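What follows is chain A paired twice: with chain B in the first complex and chain C in the second.
For the complex of A and B:
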């Protein structure tokens, strides 16, 4: 690979690279704290959802640990859960009101806020960077890139013969924004809201709807699992084992 | 208590040590009223600036210490400060309810809790407060009703199941208590205490089936405790003895009863031998000769009882 004999002005280091980095970092911090302020408090989860979770958990416990109980007790509980009026049966047969995430106001509010606080600064700063720092090369990526990257990395620089490794300040901004995750983790601790990569993932609208529809499926799965669990007395041989100690 | 300097005078401790001790109390849930009060008061009087936002946690701690010590008016002053800072907090309302209870204003407390529960039926802390209030005042029926409905929602709360079991036992409802212990076994089957109590309840209910179940669970309790639970071992002996004398029991079971009794007796004798207190002439004055004589004779009696269990 022919090394281009292009030398960049060292002033770029001070007046472009560093400021963009610092600004990206600071805005990430602001975003994080803003999200904390604007976020709804941990939603209590309606009584219904608590009940659901606990019922499912109890059923799982019954499957796992029911063998320590006497046979009769196990059967009573099993029948209670998966019998005709059983909690699991009712749960799995109820076509739960498919809570469309679009209509659930608090969820939507949270999502919108998240999207806004993430996207808006990016757009704003991106625009400012491309306005203020356009028309020149900012840096060189240390590894060779294919020509396709030129379109992405070299906005505003219309040189078709230029090596794709040279990037504009705009692309430096994007690299900084996404790559800051490590720094944020050190500074803000885990699970911070400044993480762009995670923000991208969180914008999946299906995620929220899936949680609520899963209830019925969860009930069904638990029902089936419990149905096939047969009681086996775990304490049958405990005496023999005890005498051996 | 680790982490505390040897002197517990707050003026001897540095601010960091004070804060650390108070934090430790909060984390472990210890209600060491006298000490907390002393330390907390000193900290609040002299270091309130340094505590920063932690001061509200300390105030809450002080509130509980005051209630425990019976100085309700001081508790009220702390509560007022917290309420000013957090006017709409449910946690604060809970504290108000506790103060009402401490002052003996039970009707007000009950009203407050019921109001909070109407607004927020899922509030576990409020339900628990109301339940414990009912229990303390002997309103067992209401306590049981609330507890049962609470458990309909929070099915896996072992604390509440324990509470319910205790109430049932005090009302001689052994079958229901057994049900509660079964739930507890489901929640944590490796806890030997649950097996033990379950076995005891089954034994109390009586009947050959229950004795057999009881025997199994005593064995499990003994196993899980590493053969160290005296209660389980003694329980095993009692159950097996009872089974041996019963008519409806198979010969096989009776044989295993023999073996178990022998085995348990062995373990118990070894344990009691080890724990005999030896007192020499120059020994510690803690155990006066009279006391050890009693202990020794007590142990001899126990061993005699075990010996008398005829094989």
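For the complex of A and C:
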């Protein structure tokens, strides 16, 4: 494929491309540590909500792993949870009283802080990049793009006949920001706050101190799920399997 | 009478599963980064670049299978684990590809 072979100033390489990349990466690191500093400690939630979470989790575990128990044990546990005085039954029947509104602000605060910390540096650096490095071509993407991309990729460059593959420094910044996510995971390990997409998924952790918006509904769902769980002995043929190996 | 649904009766150890998934993810990131760099250095452009991505992804999956002794089920709950995370890997590939291509070929 023949393309226009434009030669760029090698100084651009050193003073634009590499710095933008390094800055993007370093800012991701800063964002990660900043999030850790600013984040509220893991909110425990009230005693009630913790009890609720644990009960629900216990029921879910029973559903999932119950078939490793003997039949009798499974039935006992099941009846304990969904019987007359069972924890799930009681939870199901009590009206959803307080919705824990006072704990919502802290959740909201966390979410808001997370979003701000993620969006703000991106906007700031994007603005700085387009201010400081505008008006010249920075790099070239190695694949052909349609003309529609020109408007996006070539801000500040007024050449209408230029191949859409040549990009401005701003779009180089965006390529860097998106592609860095994989690298962040390598460097920072799991659960890094620089990962924007994952940060958006972390709205409702539902962990030990998670909030349940409608507890009664959760109880009800769990009650019904447990009720229809049939016991199936997974260890029935375990002697045969042992002898076979 | 054999129990027919042996698959549903597996006990999955959470830490081990998490570690396996992490290994999966890291290897994907590293290989796509390296493949992107290679593509950039060689000077692949356009469709051959994308084809190279698919080839390297295929090689990666093949190597993982060999590492797991072709017994994927023993290490992961299902084959579906392979599906996640490819978009991020693709973006990493693009990044390294563009970067190296720019470094080498535009001067």
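One rule holds in what follows: the second predicted complex is superposed on the first by the 157 of 245 C-alpha atoms of A that agree within 3 Å, B and C clash if a C-alpha of one lies under 4 Å from a C-alpha of the other, contacts with A are read in each partner's own complex, and residues count from 1 in each chain.
Quick note on the criterion: a contact is a pair of C-beta atoms (placed from the backbone, for glycine too) under 8 Å apart; a residue touches a chain by one contact, two chains touch by 3 or more.
The model shown is predicted, which means the values in this text are computed figures rather than measured ones.
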| item | value |
| --- | --- |
| Partner, of chain C and chain B, that touches more residues belonging to chain A | C |
| Partner chain in contact with A:73 - chain B first, chain C second, else both or neither | first |
| Touched partner set for A:65, first chain B, second chain C, both or neither | both |
| Partner chain in contact with A:54 - chain B first, chain C second, else both or neither | first |
| Chain B versus chain C as contact partner of A:243, first or second or both or neither | first |
| Chain B and chain C contact sites that coincide on chain A, given as residue numbers | 65, 68, 236 |
| Interface residues, chain B side, partner chain A - complex | 120-122, 152-156, 179, 182, 185-187, 189, 195, 213, 215-217, 219-220, 222-223, 227, 256, 259-260, 263 |
| Chain A to chain B touching residues, read off their complex | 44-47, 50-51, 54-55, 57-58, 61-62, 65-66, 68-70, 73, 235-236, 238-239, 241-243, 245 |
| Complex contact set, residues of chain C against chain A | 1-3, 5-6, 8-9, 11, 22, 25-26, 28-30, 32-33, 39-40, 44-47, 49-50, 88-89, 91-99, 101-103, 106-107 |
| Interfacial residue positions of chain A with respect to chain C in the complex | 1, 3, 6-8, 10, 13, 17, 21, 65, 67-68, 139-144, 172, 175-176, 178-183, 185-186, 190, 197, 232-234, 236-237 |
